[in-house]
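Both of the next two complexes hold subunit A, though its partner changes from subunit B to subunit C.
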Partner chain A sequence: MNLKFHNKKITGILTVLPENEVNFDDEIENYDFSRGQSMKLKLIMGYGKRRVVKDGTTASDLCVFGLKYLFDNDLLNKDEIDALILVTQSPDYFVPSTSHVIHGKLDLKQDMYCLDISQACSGYPVGLNQAFMLLEQEEINKVVVLNAETMSYKVSLKDRGSRPLTGDAAAITVVENDPSGSIIHGTVKLDGKGADALIIPAGGFRMPSTAKTAKLESDESGNSRAMDHLVMKGDEVFNFVQKEVPIMVDNLLAKADKNKDDIDYYMFHQPNKFMLKKLADKIGVPYDKMPNNIVENFGNASGVTIPTNLTYNLGEKLLTDSLLICLAGFGAGLSWTSLLMKIGNLDFCNTIEFKN
Partner chain B sequence: MDNFQSSIAEILEVDSVELTDELESFDAWDSLAVLSIIALSDSEYNVPLSAQEINDSKTIEGLKSLIQGKQ
Partner chain C sequence: MKEKILAFLTEIRPEFDFSESSNFIEEGMLDSFDIVSLVASLDEEFGISIDGTEILPKNFSNVESIYQLLIKNGVAK
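Now for the complex of A and B:
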């Protein structure tokens, strides 16, 4: 489905990373593979350092920390927030919504629109789409989109397929109306038949967590995980991304009447370095226009990787310049989404560390 | 499929492979080799393969027929 929005802009992006850093090299002995095999995997997939929370830190903790930073530094006035959207698949609770928990902890005004959206790696474009739609309301002038994940709790210590790439993070994006007449093009597509390609089988209402769902089982590749853990069919996800994302980007550019060279940067979700390089090759864009360094520095925090990519790789530039950027998210659902928009002259675009 | 055997040899970290060689006989045969073959097949032959299909193909020849059958 093609989407089109008028007169909307991003005015600030803040990424919150837990200060606790884990190195892949220190975890190699957890996996049932030879050191040589793991080092080769590290090289190809781009495994290195990643940030993970500890001591029971949750999505709301990261968001509240980041929002307080913005309030304290006069980068955001809390009374001006008319809508708060949290995109996460690691909520604090099933009931109530984590966005409401955040609303309460920060003593925000009652007169506002507040909701959680359950989306994974497509979560950044999906959250922005929601913000653009809410801004059509006369009384909504400023929307805060929160993306937050603490999925490290849900990957098995002995799963070499998922654990070494999973990181935790949160991001805050402020979205406002833009009287300059800008047009934003977007797309959303999904295939629910691939719902089991990336799934945490137990812990919801379908299969509540029990002692049995916590038991580790080995798979044919030599990884061990429980039903309570995230499980990914890596081959299915890889093939889906290589097939659908280039088609999506071609379609998006055609709708916006742009060529590949017109785009300053392709700021994509960061599954791993390998997949992004293959994607750049297939779409036909140089690697320096599609950064792939988030997993090796911070890990993959699902829907938070696009804003992390923006603040880490383009932070300074986006304060002063205005760039035409293609955003794309793709993953669990299965789901693949994109946006083509000018981003720049931001009030803030940086990364802060959450202490725990 | 001219470079097929040399590409597979590179993935399996050997100088050359024979069509009759069994995939599991190579020291470098692991989930990463499977992923590399999925990527090779996608980029060179435009054929998507699943990990299961690759494991089921048993030999280098089986793998070659699998890709040819989907071209």
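Now for the complex of A and C:
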């Protein structure tokens, strides 16, 4: 599905990273790799440093910390927030919505729109799409999009496919109307038949958590995980991404009447370094236009890797320049989404550390 | 080129004799991480980028299939 938005802009992006850092070198003994294989995969996949929350910290804690930072530094007036969107698959509770928990903790005004969206790796473009649509309302002038994940809780210590890559983070993106704004093009695609390619089988209403679902079991690849843990069919996800994302990007650029060279940066979700390099090769863009360094520095925090990519790699530039950027998210669902938009002259674009 | 392929396979999984196997995947000699390592080595050695859509287990089942994959991705015979 193609989407088009007029007169909308991002005015600020803040990434919140837990200060707690885990290094792959210290975890090697957990995984069934030889030492040589670990060192090789470290370079290829981007196994490196990951930011993970300490026990008890949730998505709402990261978001509240970041929003308080913006309020305290006069970068955002809480009374001007007309809508709060939280995109997460690691909510504090099933009931109520975590966005409402955040609303309460910050004592935000009652006259506002507040919702959770359950999306993972595609969550950044999906959250922005929702913000753009809400801004069509006369009484909504400023939308705050929160992306937050603490998925490290749900990845087995003995899962060498997911554990060395998984990080936690949150991001806050402020979206407003802009009468002089250029057209924003977007694409949303999905295939629910691939829902089990990335799944936490137990813990919901379909299969409630029990002692049995918490029991670790080994698979043929030497991973040990429980039904309560995240399960990823890595081969299927990799191949779906390589097949569908380049087509999506080509279609998006065609709709916007742009060539690949017209785009300043391709800021994509970062599951691992190998996948990003293969995508850049397939799409035909140089690696410096599609950064792939978020996983090795902070880990894969699902949809939060895109705003982290923006603040970490383009933070200074986006305060003064305006760049044409292609955003793309892809993963659980299966889903794959993209946006082509001008981003720049932001009020803030930086990263802060969450301290317990 | 086939000798080079065999050398990389042996480097990745020295415990196996790849010249004696007809299907590396079915016989459990290569897993997805080994394939990733092999692709990275082949890309670097031959100055190519194997198409991501072709990184499928069936294309790594024996030396001949890997050889054909390299040809398809631009390595001269």
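Here is the rule we go by: the second predicted complex is superposed on the first by the 355 of 356 C-alpha atoms of A that agree within 3 Å, B and C clash if a C-alpha of one lies under 4 Å from a C-alpha of the other, contacts with A are read in each partner's own complex, and residues count from 1 in each chain.
What we mean here is this: a contact is a pair of C-beta atoms (placed from the backbone, for glycine too) under 8 Å apart; a residue touches a chain by one contact, two chains touch by 3 or more.
All values reported here derive from a predicted model rather than from experimental measurement.
Engineer: Quick check for you: in the superposed arrangement, does A:278 touch first (subunit B), second (subunit C), both or neither?
Structural biologist: Once the two structures are laid over each other on A, A:278 reaches both partners.
Engineer: Looking at the overlay, what does A:242 touch: subunit B (first), subunit C (second), both, or neither?
Structural biologist: So A:242 meets both subunit B and subunit C here.
Engineer: Tell me the contact category for A:221 with respect to subunit B and subunit C: first, second, both or neither.
Structural biologist: Both partners, subunit B and subunit C.
Engineer: Who does A:16 touch here: subunit B (first), subunit C (second), both, or neither?
Structural biologist: After superposition on chain A, A:16 lies in contact with neither partner.
Engineer: Report, in rising order, the residues of subunit A that make contact with subunit B in one complex and with subunit C in the other.
Structural biologist: Residues 33, 37, 40-41, 44, 160-161, 220-221, 234-235, 238-239, 242-243, 274, 278, 281-282, which sit in both footprints.
Engineer: Quick check on the complex: what are the subunit A residues that touch subunit B?
Structural biologist: 33, 37, 40-41, 44, 160-161, 220-222, 234-236, 238-239, 242-243, 274, 278, 281-282
Engineer: Which residues of subunit C touch subunit A in the complex?
Structural biologist: These residues of subunit C touch subunit A: 12, 28, 31-33, 36-37, 40, 49, 51-53, 55-57.
Engineer: Across the complex, what residues on subunit B touch subunit A?
Structural biologist: Touch residues, subunit B against subunit A: 30-32, 34-36, 38-39, 42-43, 48-52, 55.
Engineer: Enumerate the contact residues on subunit A facing subunit C in the complex.
Structural biologist: Touching subunit C from subunit A are residues 33, 37, 40-41, 44-45, 160-161, 220-221, 234-235, 238-239, 241-243, 274-275, 277-279, 281-282.
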